[in-house]
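In the two complexes that follow, chain A is the common piece, with chain B as its partner first and chain C second.
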Partner chain A sequence: MNDRSRKIIDSSFSKLAKISLALMCAAVAAFTLPIIIKGAGAFLFTATSEHEKILEENFGADLSDGQKERIKRGEIQKEKIFSEILELENRKSLEAQKIITDEIDAAFAKLQKQTDSVLSAAKLTSSKRRKAFADISTSIWGDFASRVKEATQMAEKNGAAVSFEKFLEKCSEDVTERAKQYSGSKALKAQIKPVARAALRRSICQLPNSELELSRKRLSEINAAYFTFKSGVNKLLGPVDAKQKASEKLPRNKYGQSRMDMARKVFEESVCKIRVIATDKNGHSTFQSVQTKEYFKGTPVEKIFDEIEENFDALMQPHFVFYGGFFTNDPVDSNLLGGIFPMIVGTFYLTLGSMLIAAPLGIIAAIYFSEYAKPSKITSALKMCVGTLAGVPSIVFGLFGLAFLIDTLKISDGKSVIAGSATLALLILPTIVQSCAESLKSVPQTYREASLGLGAGKWYTICTVILPAALPSMLTGIIISMGRAAGETAPIIFTAATSTGVALGLSQIFTNPTPALPWNIYNICSEHEAAEMVEHVQYGMVFTLMGIVLSLNLVAIIIRAKLQRR
Partner chain B sequence: MDNKTQDNTPQSNAVVSARDFCVYYGTHKAVKNINVDFARGKVTAIIGPSGCGKSTFLRCINRMNDLVDGCTTSGKLMLNGVDIYHKRLDVTELRRRVGMVFQRPNPFPKSIYDNVAFGVRLKGRIARSDLDEIVEKSLRGAALWEEVKDRLSSSALGLSGGQQQRLCIARALAIRPEVLLMDEPCSALDPKSTARIEDLIAELSGKYTIAIVTHNMQQASRVSDNTAFFYEGNLIEFGETAKIFTNPKKQETNDYITGRFG
Partner chain C sequence: MNNEHEKSLILGEAGNMGRAVAGWLGRAVLFSITAIPTLAIVFMIIFIAGEALPFFENLKNVKEFFTSTNWAPSSADNPHFGALSIFYGTAMVTIVSCAVAVPLGILVSVCLSEIVSARAARIFKPVIELLAAIPSVVYGFFAIVVFAPLLQNSGGALIGGTIALLGIPLCLVASLCAGESLKGDNATSIKSVSVSAAVFLLLCIPVLLLARDALSLQISSGTNALNASIILAIMALPTIVSISQDALSSVGRDMREGSLALGATKTETIFKVVIPCAKSGIAVAVILGLMRVVGETMVVWMASGNSLKIPEPFYNVLEPVRTMTATIAGEMGEADQSTGSARYHVLFAMSTCLLFLALLMNAAGRYIGGNKSRK
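For the complex of A and B:
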């Protein structure tokens, strides 16, 4: 190969290496930056006044006067909205009601006057009789249909749709009752057969009731839409009054949104837009998403919506907070409120527990391999076993932990921290053995010679010369394994993890399962009932887990640097 | 030296005596039927071309070759008349009496003080003041005290190569060995450091019995009282250094010291 082509190969290789390094850095940045930024959002965010309220009521936080003042300011604004909502639900449109009651009264008055024609019609044969009754009904009800529509529109406009729906229901019962009374009155009873009376009753009720039903249906659609809107407002601002708050079972329903980003999301998705029932061409009912403002155009609901939109900041009272409680508070209501303390504690228990089991065993095995074992078939077989064990998929370790440690050895009744720790210990043991043996091997032979040459025994040499010299790289290997144990999910699914729970005390680690970050990250991302509402917690957990693993690695680097300087 | 004329009992002033001593690596005989006596308080240089078995022989004197797999011996090697390879011999005790300085300086990654104190502490607990005294004495003995007295607690790895080698000598001296084995102690050092070590060996001669393996014939002639010439596992010639270098009896010795081979 000539000089030129050698140079070309050298330079192109160095360029290639630089490009691949740059790509790797970019990939790492693309991977970690969102986690860091969004993860920090779990504890550094713009909060609403609900945030402090939640802290006070769930975690006994002492609020400063300023915070109390802020909550109060928000409450005053919310109170306005809430009172409007309550007023709206109880508002009665008396005018509209009167139109209908008047109509019904007038119809029955007309009916009374037509008793003669009723009597004569009753004597006809059944088919003719039915027609005659229908004619009477038409004549007495007149333009009832258009009146009902008019009244319904009026009520709708006045925002009395909720109460008017109830009123229409009552009207319908009323009409039936009055028709029954009329057909059962003494005058008719004596002269008309029961079959004909029943036919008469049906005829009288049919027309008004179907009209009333039609309007009621229309109103119930509107009201359903309204209640969807209201529940969106509840989600955003919290329950309308103490009574509702007390009746809510889920803590998530007892408060409005505590984060501004979530508040905006809820506002846009559940308040600005609502899902209503619509009937398609084929007559099937389907859900449809509509703009609140358009749907309720010209009604008081639109006014409430406008008020919320205009006073959004006054309602939410946005302020920037550092929520340290994210790391120290227990979660409330499936992580929708509160922090991730039990998961952090669980991760620490599992990691430290696995370390306490695996590190001594691993170091002893490594010392045996590097200092005592003579090259033989058994030694190389043992080494091969350790190597193979290092390659076993972690899910298999998890199953092994369940089948052997829990079901066969019965080290605990079910999942427990100790079972999880032992499983994780088995998982990282081969790595520890290999890295420690490697570290011990890398201690220069001259140290051994020097120590033995001074009359030291083998054990003394190992303890005073070889182990101290190998310690930095051994610790590095062990701590990196620790990071792996902290992040492993599969082994603890079977042996230790539970999706909810509080932080365990030391005495419970032999009996109780624990939440732990890796498992809960999976759980909260894919099994959570309201995963989109806990996105910040998802990122926060990932951030915390990465923080734990990276700080373990950092500790390894620091220890290494310190010990090497000595 | 003729094996048959050699007296089979050690000379009265001999510290290390070999009688028909052989070393094998597996089946390969690396050192063949050596008969030699290292006199008390004298510096004995072992010279010879690479692979002649001189280091192997030296390392047998404190049984460092035990660390080598498949290394066996036959014949007798005695320290003060006691068989070094006796079954019931306490190897650690032997090594305490026969100190060793290696080819490359190999201080422990500990402080200068701890390096020197290492061997002393092996014997058991010792008062700090006594230990201080031994450390100072040993460092003075290795002509290193003046250079390191202000930084005894700093790492030994921060010393220069020559200083490290003198520290290793001080470390060996601290346990007061009878014999000091030096396996090419200057081969990894620059000429200035080499000169200091040679001065030190001159100072130590008389107090310790020293055996030094060297490739450097000038060094052998400068520092040693007696010289043993090894060639292909055999001890070709042993005698006073002056005689060996001026008037060797054997042709091989003459060829080697005049630089014909090796």
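For the complex of A and C:
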């Protein structure tokens, strides 16, 4: 290999190494930036007027006059849309109804005459009579099909599809009822046997009912599409009236969208587009996504849609807010509304609890290692165990907490904060021992000698000279471990975490499980029923957890920097 | 230290006795607190292996556990405990993430300790600490919310781009070296340039073909072995970097200077002197990184797809897999309702394997690291 190639390899290697360093930094940026930017969106966002309404009704917030005014402004706009929707559902197409009613009346009027002529004829065999009945049916219901179709189209155009479907259903019952009455009439009873009467009744109502059924099916498809649209509108704007609001069980259905970004998303996905049932050539019905505007072209629904689109801002009343309640409110309806207060409190308890257990033990063990232990097999075995414990997978700690602390020691009946804290304490103990022993070792030997030389006892020396000297650096290690305890998930799955619940009081930590940020992040990402509707909460939770962990680390870094300057 | 001596200096006879007892008691208390980690390890082995014992007592179970892929522990009448695909999932995720994290981690640590200045290295230290401080569930969140959709929608482009970005510069370096090495044999410059170009083209074609194939790749699900492995690699990075950086910087200055004075380039010094000297330290770093990957729960649970199949073909990293930790985390939640059931014990059997794997790796790391310190 000559010199030039060696130089090329040399410089390309150092570039490669620098690129890999840059790659690592890029990975850090790719992790943190979206979390910071989108996470801030959980409490700094453009809200709609529904936001204040939710706060007032669920969290007892006092609204200012301006906010009340804004809610009212939105309400007035929504009222318009809602009244149109209600009107649409109750609208009747009287002409169309009349066409069908007339047609049925006329048919039954003809019926009398024609059956009489059949029955007065010579005695017929049963098969011939059946045929005769069928002929009667065809002749009296002759152009019923086209009339029904005409009426249906008329009703559709008038936007009375909802009520007309009900009307057709009633018509169908009506026809059956009248056919029954007719075939049961005294005149007929005298002339033919019950079996033949039943055959007559069947052939009278079969034809019109199947026609009515066909139209009803067509209408029900349209109506299903309309109700899909309406539920999209409800999701966007909230329930149409107080009655609907009271009947909704889930809080999420009691309000419209409270965030502008979610409102736009819902508008695009559930209002602009709807899923309808379409029947393909082979007669299979499939779901299809269609544009609302296209599907309802020329009907009043299109007008409602246009109104929503045009008055979108007036309906939603967008305004920028800082929602501090995200950190202090309880979640409502699996995090779809409200904040993350119980999770923050749970994380706080677990972290602090594990620290209160682990820090004293860790410091004492570190003191033993650095001040008392003589180099021996036992000491090195103890040290080795500390290192080994640090390498045990965190999920094994969780199982250990379950099998030992809960099932064997029974420190609580089931999952509890104290069991979780103890498990976490065990997890961070080795790190604390190692870092504290390191800090104690870095205290100069002269300090010890000076103190002992002045006549102080060993324990006295440790308490008054060595510990204060090592404290800042020990604190760094402890705070970093605290960050780790705050973020660990696996150990608390079986020992402390629950996905729902309110913030615990101090007295409950020995008995109750608690929601905690890490576990709820998992839960809301992997197991939430409507994950796409809570994206901002996901990011907000992650942001909060990152905020807690990183600010702990920042404190540690600052202490260390001060230490280095000293 | 010499306690008895100092005590007699301070106190009289009566106090001396009390002091001695107090001192001895204090020591006993200190010792017993210090023994907590040791007790924890012992209890851990006793309780976790103890809960696993009812499962391992049946030899048929053991054979099925390690050789079958039929995993149906909750079935009431005919439960099966074949965990082979789960072991395979763990192995696959570990190997792939190590293939990413080890070269990258060593490169970064070499860069920090050998190539950039000490001041710059100090600036980058918080970045590594930040990476180490991010909770694992946040990595899992990132994997499932950000990375999985990205991989699913434009995974082919991502993989193809990576292959091209890595491959083409390498081809370029190789071809330049080929050209230069010809020059040494008194060849004309035109000849060497043409050889370079020919080598470059020859090497580039397969790389580009591979990249093109990757481009048209369809990824059915973003939560798969590759996703979990890449995120795990990033998680293991700070461990590998900080420990191997320590090992590299503990190599004496005299070694480097000797090598450079003999005319070696920086790269040759790094590869032939510094890295061999820091070999065992780097090995420890890799083992600790490996342990972090094997024991990690949340990322694999969220990002690996949790499928019980061994991927087809066996190296297909774009298929979902399931790991031991994810199985324990996912199934224990339901199993602990019926403590003592077969499923409860089999999960403890799995975590026994995990625990012993961790202990084994720890011992290996200690052995390798111990060799170094004895040298």
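Brief remarks follow.
By definition in this document, the second predicted complex is superposed on the first by the 529 of 566 C-alpha atoms of A that agree within 3 Å, B and C clash if a C-alpha of one lies under 4 Å from a C-alpha of the other, contacts with A are read in each partner's own complex, and residues count from 1 in each chain.
Note that a contact is a pair of C-beta atoms (placed from the backbone, for glycine too) under 8 Å apart; a residue touches a chain by one contact, two chains touch by 3 or more.
Keep in mind that this is a model prediction, so the values were computed, not measured.
In the superposition on chain A, A:181 makes contact with neither chain B nor chain C.
Of the two partner chains placed around the shared chain by superposition, neither chain B nor chain C is touched by A:285.
Of the two partner chains, chain C is the only one that A:6 touches; chain B does not reach it. Shared-chain residue A:452: touches chain B and chain C both. In the superposition on chain A, A:247 makes contact with neither chain B nor chain C.
Legend: residue contacts after superposition of the two complexes on their common chain; A:380 is shown touching neither chain B nor chain C. Once the two complexes are overlaid on the shared chain, A:32 sits against chain C while remaining clear of chain B.
When the two structures are aligned on the shared chain, A:493 is found in touch with chain C, with no touch to chain B. Within chain A, the residues touched by chain B in the first complex and by chain C in the second are 452, 455, 457.
Listing the residues of chain A that touch chain C in their complex gives 1-2, 4-10, 12-14, 16-18, 20-21, 23-25, 27-28, 31-32, 34-35, 361, 364-365, 367-369, 372-373, 381-382, 384-389, 391-396, 398-400, 402-404, 407-408, 426, 429-430, 433, 452, 455, 457-459, 480, 483-484, 486-490, 493-494, 518-519, 521-522, 525-526, 535, 538, 542, 545-546, 549-550, 553, 557.
Residue ranges of chain A in contact with chain B, taken from their complex: 374-375, 444, 446-457, 460, 464-465, 468-469, 566. Taken together, the chain C residues at the contact with chain A in this complex read 1, 3, 6-7, 9-10, 23, 26-27, 30-31, 33-38, 40-41, 43-44, 47-48, 50-51, 104, 107-108, 110-112, 114-116, 124, 126-131, 133-142, 144-146, 169, 173, 176-177, 180-181, 183-184, 234, 237, 241, 265-268, 270, 288, 291, 294-298, 301-302, 325, 328-329, 332-333, 336, 339, 347-348, 351, 354-355, 358-359, 361-362, 365-366. In the complex of the two chains, the chain B residues touching chain A come out as 62, 64, 67, 69, 92-96, 99-100, 102, 104, 106-110, 118-119, 122, 155, 168, 171-172, 175.
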